[in-house]
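Sending over a structure as structure tokens; questions will come in a sec.
First chain written, first letter: the chains are A, B, C and D, and each begins at residue 1.
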Amino acid sequence: MTNVGIDKERMEAVTSSRPTKRFKDFMSKLWKHRKGKAGLIILFGLVIFALIGHFAAPYNPLANNAAAFQPPSHAHLLGTDYIGQDILSWFMVGTGTSLVVGFTIAILSALIGVTVGVIAGYFGGKIDDVLMRAVDVLLVIPGFPLLVILQTFLPPTLETTVLILSILGWPFLARVIRSQTLTLKERQYVLASKLSGLSGMQIIFRDIIPMLIPIITINAIFIAVGGVVAQAGLAFFGLGDLRSVNWGTELYYFFNQDGIAYKAWWWLLPPGIGIIILGLGANFLSNGIFETTKPQKGG
Amino acid sequence: MNSIIETNQVTKEFVTKRGFLKRTTSTTRALDQVNVTINENEIFGLIGESGSGKTTLGLAILRLIDLNQGKINFFGENIYDLKKRQLFNFREKTQMIFQDPYSSLNPVVTIYKSVSTPLKVFHKEMSEEQVVDKVIQTLETVGLTPADQFLNKFPSQMSGGQRQRVGIARAVISDPDFIVADEPVSMLDVSLRADILNILINLKLKLNKSMMFISHDITVTQYVSDRIAVMHLGQIVEMGESGEIIKNPLHPYTKTLIDSIPVPDPNKKWNTDEIGGQISEYTNEGKNECSYANKCPFVKDVCRERRPDFKEVEKNHFVACVLYD
Amino acid sequence: MMSFPLLEVKDISVEYGVDGKTIKAVNHVNLEINKGDVVAIVGESGSGKSTLAMTFLNLIEKPGRIRNGKVNYRGAKGVVDVLRMRPVDLMRYRWKEVSMIFQSAMNSLNPVMRIEGQLRDVMIEHGTDESLVDAKIDEKLKLAGLTTSIKKSYPHELSGGMKQRVNIALALACDPKLLIADEATTALDVVVQRQILTRLLKLKQDLSLSLVFITHDISLVANIAEIINVMYAGKIVERAFAKQLFENPLHPYTEALLQSIPTLEKGTAIKGIKGTPPDLSKEIKGCPFADRCPKMFDRCLAEPPELKNVGDNHYVSCHLY
Amino acid sequence: MITRRYVIRRIIYMAITFFVAITLVFLLPRLAPGNPVLIILLTKYGGIVKPQQLKILESELHISGTLWQQYISFWISLLHGNFGPSFYYYPQSVSSLIITHIPWTFFLLGTSTIISIVLGVAVGSYSGWKRGYSDSFLQSFSIGLTAVPYFWLALIFQLVFAVLVVIDGTHILPVAGAYGYFVTPGFNYQFVISLLKHSILPLATLVITSFPGFALLMRNTIVTVLDEDYVLQAKAKGLSLNTIRKSYVNKNAILPVATSVGLAFAGIVGGAFIVEEVFSYPGIGYLLYNAVTVYDYPLEEGIFLIIVIVTILANFAVDLLYAYLDPRVVLK
């Protein structure tokens, strides 16, 4: 053949798999999608807000040197709480904690869920049976009462709460991933990879997991939001680490320290609005990812 | 002529469970004591309707499913006895071309990566430059010229016909001895089929490949094949030289099949008097009877009493039917 | 004697808006179907043949839209344009006058309704007397070659061939004048395909139906159709009686198509058509087949050819004639 | 279609789920190192406890004998329906406490689930069928509502109806309890009215936060179903829009909603519990909240096991309903 002398540049162009370019393409598509863009902006905004809170909150959230139950004023933009702590600072720092909680739960749950789902779906047989029965059991036990029982006996720290929520957060994802894997493994290119001599693990990482990334991301986003809400709910129930500064404990103190009697709406609104904004951002972003990655209908 | 593949009493059963408030299991024989021999440097056509077991046989010959019974020899060695290392060597020597050009290429993997994979796995000694050269050369063999411009493309940037060529390139690049082509043109537009079929014929003529060509379309099959086997409900009912099968079909099923083919001749209008009866669905449940007995116009009592033998009626022309006893 | 077409398509164009692009799926097509005709429309995927058939029932839906043209139907009350009917009239026209067997037999039956129910609702809504419905359901199922016992089944309990026959029974439910079969047998095995198509031809004779077959399989239409339309890139490029078309194909596309299909006679080599069909979202200045045509010359790139009668009702759209 | 095999398998699987839940409840206190009784006493009560309570704790936790013997005696008492005495409400038994409180939870859960499904399906099918502006409005509205956390909404209702909107010293709507202080429980007009009034805010909280999920799902499946070939064929058949909608679209679109009810139910349970806490509604969620506050472990465990049983049965019922709705489903 005449093509023996291939220059280095072309070699690289041919052999690189170009994952960064695919990511860039995806991001630019997402940015063009109205909801996807809105989701990105909202979530990015929340992160910035939390970062500012971490480094430059107006007050130490746990310093109680102002008068209690002060409505919003110049000194305290969101007023003060039952022992005179600055609510804006509380909320800013709390946003950070809640976001970290959600993010960690999402990562841990997604790791477990994807591993279980892909293994069950790809290898099938007995492993699949056992794993899926476990998933069914976990799915049917109502989460909140189970959380209450677990948190009662485990040390009341934020870490245990995150751990429990991660351990309980994956079953639904595992089920979704398994059914997707079952479809994907019927694709002829999986058989082609097998015939090309690739091993099961190589096929999983080449032909299965890349296709699952959008659906994993979408589910992880919902797990993150669910985790934030669940942690807040637990804290609200008086469980977990009540000294931690986050959205849930803010609501807990509002409810248990006469926030209602003092009509302290400025205390109640921020955490709820925070959760709503997070939920909206997550919804928009996942909707954007879904619509920009779904396969085009063939003509 | 040397045989490359020899199947011996190959049987594969699928079990389905169903029933209302009481459990029944039914067994379907996808392959029922199949004996075929595929020779070196030959295209062996396998035809049958959907559900006849033809794809299952293709998968069995590549050891992609487990058998209930029987053995399959590849160059005289039973592939179901191969150990891990030998199986790897067997994989190197066999390949498959798929039906669906859209599902047979991973959409996020470039053409270069798809096609080069068998080479990189089976020929680890090759340098990257050699691999690129070989990929380019192979793409040009299947008519993707200039090959350069396809290397970095993703499947979504190519047409169905081009993708099917990529699939063929992937199958031949590691220089296998034997290829199973499973309905390789049935999803392509009519005007694109001819080129693909001609490429397959050239693989045999120029590269001395042996092939099993699976299809439901007799016209297409006889165009590429040297010999044809007709499959019905998991059994081979007739086998012979392809011209002979078309001109002189023996089995009643083969006759019906050939009669039903549309021919591009306006003088052969279909006769509206010969309306067939009701269609019913049958499966091979492994009963001791001819698999065609339920539909055959020439059915006799004996057809339901035993299975007809698969015998050579004329030279190299085999049929399984009591009419030729 | 003047013959009046049963259905007359005049200068129809259909577009699809996808991803900000406009795809011209059907481009200024004219077609006539006379009473008792068996007409075939042959074309490869993307040629616009199914879209064209959809206009007969005014069934084009978003993102598609009919750009211009008329579909004139000659009914009991004279000629009406199907595309401009009042919704009430359109409901009455559909299925009662023109019915259709869809390509996707597997998916075109309602999965949660028994076969019986799907025949019953269309009969009742088109005014069949309640007391006659049961007998008619049985009659139509028998016409389609099915045992009447399957009426109690759900679609998922039937095989592909049986579902397609249910679709035939459905298409006959209201005794239409014209039946469109859109790739009605593509997914089926050849034996079943032949059984179903001969049955349709028989029904055509017995019930004085007109038939339109839409298919990609040019061999198939030779055996069943009287008049054949060849479609390419949204246009009819050739129309002739079956005998003429196969014995004397005029358009280079038809010629190439016939050369690309294998026949049972051994030894005749076949060859494909090089290139791919044009991108219908782009403006095509000349003949849409020009860049794949072996006989292409300058004029082909400059101006689009018209569909002309070159004698004996043989129409072709090519600058060679 | 439901096979016997399915029913048997399902019963076994329900038993397994229950078994896992019970074992978890049994093992949890033992996971912590040391004597669980001492740990509870020291950490939760600072060691100050009546001798009587110490006894209850010991018998309740079944801490005599080997782990295996403890486990068996734990099972035996459970099988007798005996969750032991409550730690805090002594001498009332856990079972009697649950029995007096659970009807309220059933009422909240049942009513809110049904209203949410009906409302969700109605809004979703309107939205999916209509498309256009009202659809995008309803969609954004539903998405917005799904993001609202129920406990926060409950607090907003509290704030508004307990202190902000009080006319002449009376509340427009009651904000605590299940019925008024002065009415006598029974089938009398005053009681029923009081009951309904008290349920408005808790129900509203639950319905507002859970119906949008059903609405979005219904809307999306309607949109998918409208693309199906059988809907196109139904249009070609010249059927009236009403028939197409009823027999072809809704009948198919309702199926995914039916499957989601089981999962959603497990979620609504959590919502109901917190709502009971906020509105001092005397269901088992409120009871659980109190149990958590006073470290009444036997009570927590009893409530947990009861709610597990209820959810398992609800899921089973949903599966049967689904098999009834979709002829294609064979429950094997």
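Please note the rule applied: a contact is a pair of C-beta atoms (placed from the backbone, for glycine too) under 8 Å apart; a residue touches a chain by one contact, two chains touch by 3 or more.
No experiment lies behind these values; they were computed from the predicted model shown.
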Which of C-D and B-C has more C-beta pairs touching across its chains: B-C
Going by average Cα coordinates, which chain is farthest removed from subunit B? D
Just to be sure I understand: the centre of a chain is the mean of its C-alpha atoms, right? Then which chain's centre is nearest the mean of all of them? A
Rounded to the nearest Å, the gap separating the Cα centres of subunit A and subunit C is 51
Distance in whole angstrom between the CA centres of subunit B and subunit D is 55
Whole-Å distance, C-alpha centre of subunit B to that of subunit C, is 32
Which residues of subunit C are in contact with two or more other chains? 45
Spell out the residues on subunit D that touch subunit C in their complex, using ranges where they run on. 228-230, 232-240, 243, 247-248, 251-252, 255, 325-328
Can you tell me which positions in subunit A touch subunit B when the two form their complex? 1, 3-4, 6, 11, 13-15, 17-18, 22, 187-189, 191-198, 206-207, 210-211, 298
Any idea which subunit D residues touch subunit A in the complex? 13, 16-17, 20-21, 24-25, 28-29, 31-32, 143-144, 146-149, 151-153, 155-156, 158-159, 162-164, 262-263, 266-267, 269-270, 273-274, 277-278, 288-289, 292-293, 295, 297, 300-301, 303-304, 307-308, 311-312, 315
Note: in the complex, subunit C contacts subunit B through residues 44-45, 145-147, 159-162, 165, 189-195, 197-199, 201-202, 205, 216-220, 222-224, 242-243, 245-247, 256-264, 266, 269-274, 276
Help me check something: in the complex, which residues belonging to subunit C touch subunit D? 57, 59, 61, 90-96, 99-100, 102, 104, 107-113, 117, 121-122, 125-126, 154, 156, 170
